[in-house]
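Okay, so chain A shows up in both of these, paired with chain B first and chain C after.
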Partner chain A sequence: MLSLLTVTALAVARLDQLFAAVMLFGIYSLLSAALFVVMDAVDVAFTEAAVGAGISIILMLGALALTSREQRPVPRSRHWIALVVVVVTGAGLIYGTLDIPLYADPNAPAHLHVAPRYLQQSMQEIGIPNVVTSVLASYRGYDTLGETVVIFTAAVGVIGRLGVATEGRIEPKTGGLEHYLILRITAKFMLPLILVFALYVQFHGDFGPGGGFQAGVIFASAFILYGLVFGMENVTAVAPPVVVRSLAAIGVLIYAGVGVVSLLMGSNFLDYNILGHEPTHGQHLGIFLVEFGVGVTVAASMISLFYAYASYQREK
Partner chain B sequence: MIRTQLPALQVVIPLLAGPTCLLLHHSRLSWGLATSASWVALFISLALLDQVLATGPISYELGGWAAPWGIEYRIDEINAFVLLIISGISAITISFARTSIEHEVHSKHVYLVYTGWMLCLTGLLGIAITGDVFNVFVFLEISSLSSYLLISLSRDQRALTAAFRYLVMGTIGATFILIGIALLYMMTGTLNMSDLAARIPSVSDTRTVKIAFAFLTAGIGLKAAVFPMHFWLPNAYAYAPSAISALFAGTATKVAIYLLLRFFFTIYGVEFSFETMKLDRILLPMALAGIFVASTVAIFQTDIKRMLGYSSIAQIGYIVLGVSLVSVTGVTAAILHLFNHALMKAALFVALGCVFFRVGSVTRDDLAGIGYTMPWTMGAFVLGGLSLVGIPLTVGFISKWYLIVAALEQQMWWLAGLVLISSLLALVYVWRVIEIAYFGTPGDRSTEIKEAPATLLIPTWILIIANIYFGIDTSLTVGVAERAAQALLGNAS
Partner chain C sequence: MQVFGLYNYWVVIILMMIGLYVVIASGNLIKKIVGLNIFQTSVFILYISIGKLDRGTAPILVEGVTSYSNPLPHVLILTAIVVGVATTALGLALAVRIYGAYGSIEEDEIQKQDNAS
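The block that comes next holds the complex of A and B.
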């Protein structure tokens, strides 16, 4: 699978056809996701599949629709500079990996220092079976708050650059695809399933792979599908751009708000223990709320990005 | 209770203010909120510095989880000082920003500027305060993404290419940093800084740890615009809105330099960085080349903001030079210059913001005779410029003094001489502006140009007065810088 990955990466680098390159990126992500599954990192695989192979492809296609499908030729001299940088970096990386612990070595430092406590005590300390969620949302919950802010920042960036029609309707250049019967019926059939699946991923993150990030992306993809097939007019009627954008901010505020509440109750920022009658109960509540905040921000940010791409066409 | 929660509040207040600015969706209200949040952050950082100086380093466990399992905030002399620099510059420049931003940014985007500003402040403060390397990366992403946005919001279309170039370079830098962190985690199993410092010596002879060091140095060097990795900086500063240039010049590269100090001294330790890796032998020539090349290029710039951008690269050279001497005095000079350069560059960019507000351009020719039509603004620029050159009674002099003393301590007479000669280059590029402003023939429009409004002049002069005050009374700055340098170097010896 690694060799397939390399082949795909090389193909992406060689291609001038950006449309095909984007498609290959999708394959690349899917391959990496499969690789993560093989390595038993299902949560990471899930994220890679949802984000890398799913939403980012849609967004890249959106960007292509605004620019061009072909790459402009780059002067030869620049190739050499790029090649030197890449070779030096690559050589450095290979040199660096010569001394790393072997894959799956039980004595590797990464398995011996902080990991044992996560694996053995998270059940008593936090009380949820998915250790990844425990680490992500509680032990290192502050990093996750940071990541949520990163996504929010990215959305604000695109909104600021491309602008979203704050009022009135967004009309796509070509019109929706609502005339295609098969597409319409399949989409209608898929939509509720996608939404329910997103909710399942959102609230089942404590037990199985999943959580706010993946759920948000899946939730957003339902709206994007609706927008693509039934036209921007319909989707903005369901989810007006202003509301969606505000939701992106509100999600961050929910997450940080949990921290502020725990602070006001006399404990440290994001210390969920104090939220409930007993520590694990508080942890459950805290994780539920912050994952909800993540889901809201991610979904709203992704939908905002889609709106931004779609509305920019009209302004031109 | 509030006192023990200050470390969290330092970052969380701007973090909450950012999304709220977006929700407010109103230029003036967003500005009001962002400005109050910025000033509150300044008071918190003052309180934290006071606490650190009185009782030693502060540790704060986020989520109530003890390090290294959870994320720790750890504040000692150096990052308390850096926090003060960031929040201080942000508070003053954002007070300046209202009038300036309304003039330089499309009215429908103004509230986004303050959203971005708060996010950027969150990111920068978050990098400076944390004791966890992955947390550094997360907040680095926040500050980087928001700075690309802030630059690109300028009305000047060239800002777009500048922001894009910054984005590409910044992303490469961030990826390098992430690779470095990942390699370190692989070898030590920890992300906590003091924990890393304790565990690295046992694996310090592996190639992985060494290559991680190289990736981190290159990545952070890119972010700090250390010569020759500076190409993104001049245009980014030149085409960004004036208040934003002032903010970045005073904070963004400073935080990156702080990170370098952290990795070199605290995490890897002096022995590894400077004896095993011989880093000083690379840093010294890079710093000198940066000082001379960038100062010379600055002389030939016609856009004054670009000129200041090149001057920043040269000033970063001085900071790196101080670090490369690996002595308490040298590092003191570097830390002092972090503070002092932030003050003078912010003052100069803000003064140019006043010029831009009235003249609509900051190219050399348009500044002809402006010393008489805008006396207060240009007066501020001249004083700031003198500080940049390093005239006595300004902060610039203090930095250079310590740098020269540090060079002489190691019998490097030639180095002290080079620092003095490079100051003459600075004198040349500052003089070229003064010359055109006071002795140039005014253009046709000069009669219409009036002095900048008080809302712009007051923050400008606060910065100028700070430049002179800290140039005379150095007890705070030198005292803190010296203690910070001793703490950094003391870890190893």
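The block that comes next holds the complex of A and C.
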């Protein structure tokens, strides 16, 4: 599996055809998602499959459509310089690995500090089986809040660069693959399933792999599929850009609001114990709300990214 | 055993270096972003490799299982992936704008136009 990854990455590096390189990068992402499953990181694999192989490819193709599809060859000398830099750095790094613990060594320092506590106590303290979710939303809630804000900021940045997608700016003839019968029927069949699956991932994240980040991305991909197949005017009728943009902000507000509520109730910021009659009830409620906020922000940000690319008009 | 135990890390380094090579050697901005993404994924694999435990399973608590992989790297990487796509989108948006302003996303051509003006 690792060797396959290397081969794919090499092919991406060699290709001058950007379209093919981006497609291969999708395969690379999917392979790495499979690798994450092998290494027990189911939540991560989930995210990588949805993000790397789905959304980021669509965004890259969108950027390619707005620019050029081929790269011009660069002077040979530059390849040699790059090669020398890379070989020297790589050799240094490999020398560095000789000191680190072997793969899957249970006594590695990384497994001895906080992880045992998370694994042993989270059932009593948080009361949900998926440790990844409890660490994400509760123990390290500050980090996750920060990351949600980063996603929101990136969406704001893209909108700032590419302009706001208002109804007037969307040409009536942008895209739409409706005349392809197979695509249309399959998309219609898939859409409700994707949406239901996204909701399942969102609300089942406490017990199985899943959570706000994955659900948000899957939810957004349903809208993007709809937009690609049925055209921008249809998808913006379902989810107007203004609403989507405000939802991205509302998600962050929900997350931070939970923290403020716990502050007002006399506890620490993002300490959910106070929210319920019992600590674990409070934790359940807090994690539910926080994951919901994350899901809303991620989905809305991804959809507005897609809108921004789809409605950007080249300045001639 | 020694060699096999470090195999994962070495592949990570190779992938990382392929990404770095693409970033340095190609003049096309979008290709550079793809290279950065390869680099980024290799870092993800590094973290998850560190989190893997011998005979461990996915960190979802079930009766009768005592050995789980380390959940902390999973949390860090899970959020990093989504943040990564958001920043990638921002980078691509900049590339699109540069194309709008210069008519090219090749580094040398942009520099030439900058020098000319």
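In this text, the second predicted complex is superposed on the first by the 293 of 316 C-alpha atoms of A that agree within 3 Å, B and C clash if a C-alpha of one lies under 4 Å from a C-alpha of the other, contacts with A are read in each partner's own complex, and residues count from 1 in each chain.
The rule is short, and it goes like this: a contact is a pair of C-beta atoms (placed from the backbone, for glycine too) under 8 Å apart; a residue touches a chain by one contact, two chains touch by 3 or more.
Just so you know, these numbers come straight off a predicted model, no measurement behind them.
Colleague: Once the shared chain is lined up, is A:R140 touching chain B (first), chain C (second), both, or neither of them?
Modeller: Both partners.
Colleague: Considering only the touch criterion stated at the top, classify A:A20 as touching first (chain B), second (chain C), both, or neither.
Modeller: So A:A20 meets neither chain B nor chain C here.
Colleague: Contact-wise, after the overlay, does A:S246 reach chain B, chain C, both or neither (first, second, both, neither)?
Modeller: first
Colleague: Taking the superposition as given, does A:A110 touch the first partner, chain B, the second, chain C, both, or neither?
Modeller: both
Colleague: Check the residue A:A82 against both partner chains and state whether it touches chain B (first), chain C (second), both, or neither.
Modeller: second
Colleague: Mind telling me which of the two, chain B or chain C, contacts the most residues of chain A?
Modeller: C
Colleague: So, does A:L193 touch the first partner chain B, the second partner chain C, both, or neither?
Modeller: neither
Colleague: Could you tell me if A:V149 is touching chain B, chain C, both of them or neither one (first, second, both, neither)?
Modeller: Only chain B; A:V149 stays clear of chain C.
Colleague: Quick one: is A:A237 in contact with chain B, with chain C, with both, or with neither? Answer first, second, both or neither.
Modeller: After superposition on chain A, A:A237 lies in contact with neither partner.
Colleague: With the two complexes superposed on chain A, say which partner A:L270 touches: chain B (first), chain C (second), both, or neither.
Modeller: first
Colleague: By the touch definition above, which chain A residues appear in both interfaces, chain B in one complex and chain C in the other?
Modeller: Shared contact residues on chain A (touching chain B in one complex, chain C in the other): 93, 97-98, 100, 108, 110-111, 114-115, 118, 140, 143, 147, 150, 154, 157, 161.
Colleague: Can you check the complex and tell me which residues of chain A touch chain C?
Modeller: Contact set of chain A toward chain C: 2-3, 5-6, 9-10, 12-13, 18, 21-22, 25, 28-29, 32, 35-36, 39-44, 47-48, 51-52, 55-56, 59-60, 62-64, 66-68, 71-72, 74, 78-79, 81-83, 85-87, 89-90, 93-94, 97-98, 100, 102-106, 108, 110-111, 114-115, 118-119, 122-123, 129-132, 135-136, 140, 143-144, 147, 150-151, 154-155, 157-158, 161-162, 207-209, 211, 213, 216-217, 298, 301-302, 305, 308-309, 312, 314-315.
Colleague: Mind listing the chain A positions that touch chain B in their complex?
Modeller: Of all residues in chain A, those touching chain B are 92-93, 95-101, 108-115, 117-118, 138-143, 145-147, 149-150, 152-154, 156-157, 159-161, 163, 245-246, 248-250, 252-253, 256, 259-260, 263, 266-273.
Colleague: Residues of chain B touching chain A in their complex?
Modeller: Checking each residue of chain B against chain A gives 1, 5, 8-9, 12, 15-16, 18-20, 22-23, 60-65, 68-71, 108-109, 112, 115-116, 119, 122, 126, 132, 134-135, 138-139, 141-142, 145-146, 148-149, 152-153, 179, 183, 185-190, 199, 203, 206-212, 214-215.
Colleague: Spell out the part of chain C that touches chain A in their complex, as residue ranges.
Modeller: Going through chain C, the ones touching chain A are 1-2, 5-11, 13-22, 24-28, 30-31, 33-35, 37-38, 41, 44-45, 48-54, 56-62, 67-90, 92-97, 99-100, 104-106, 108.
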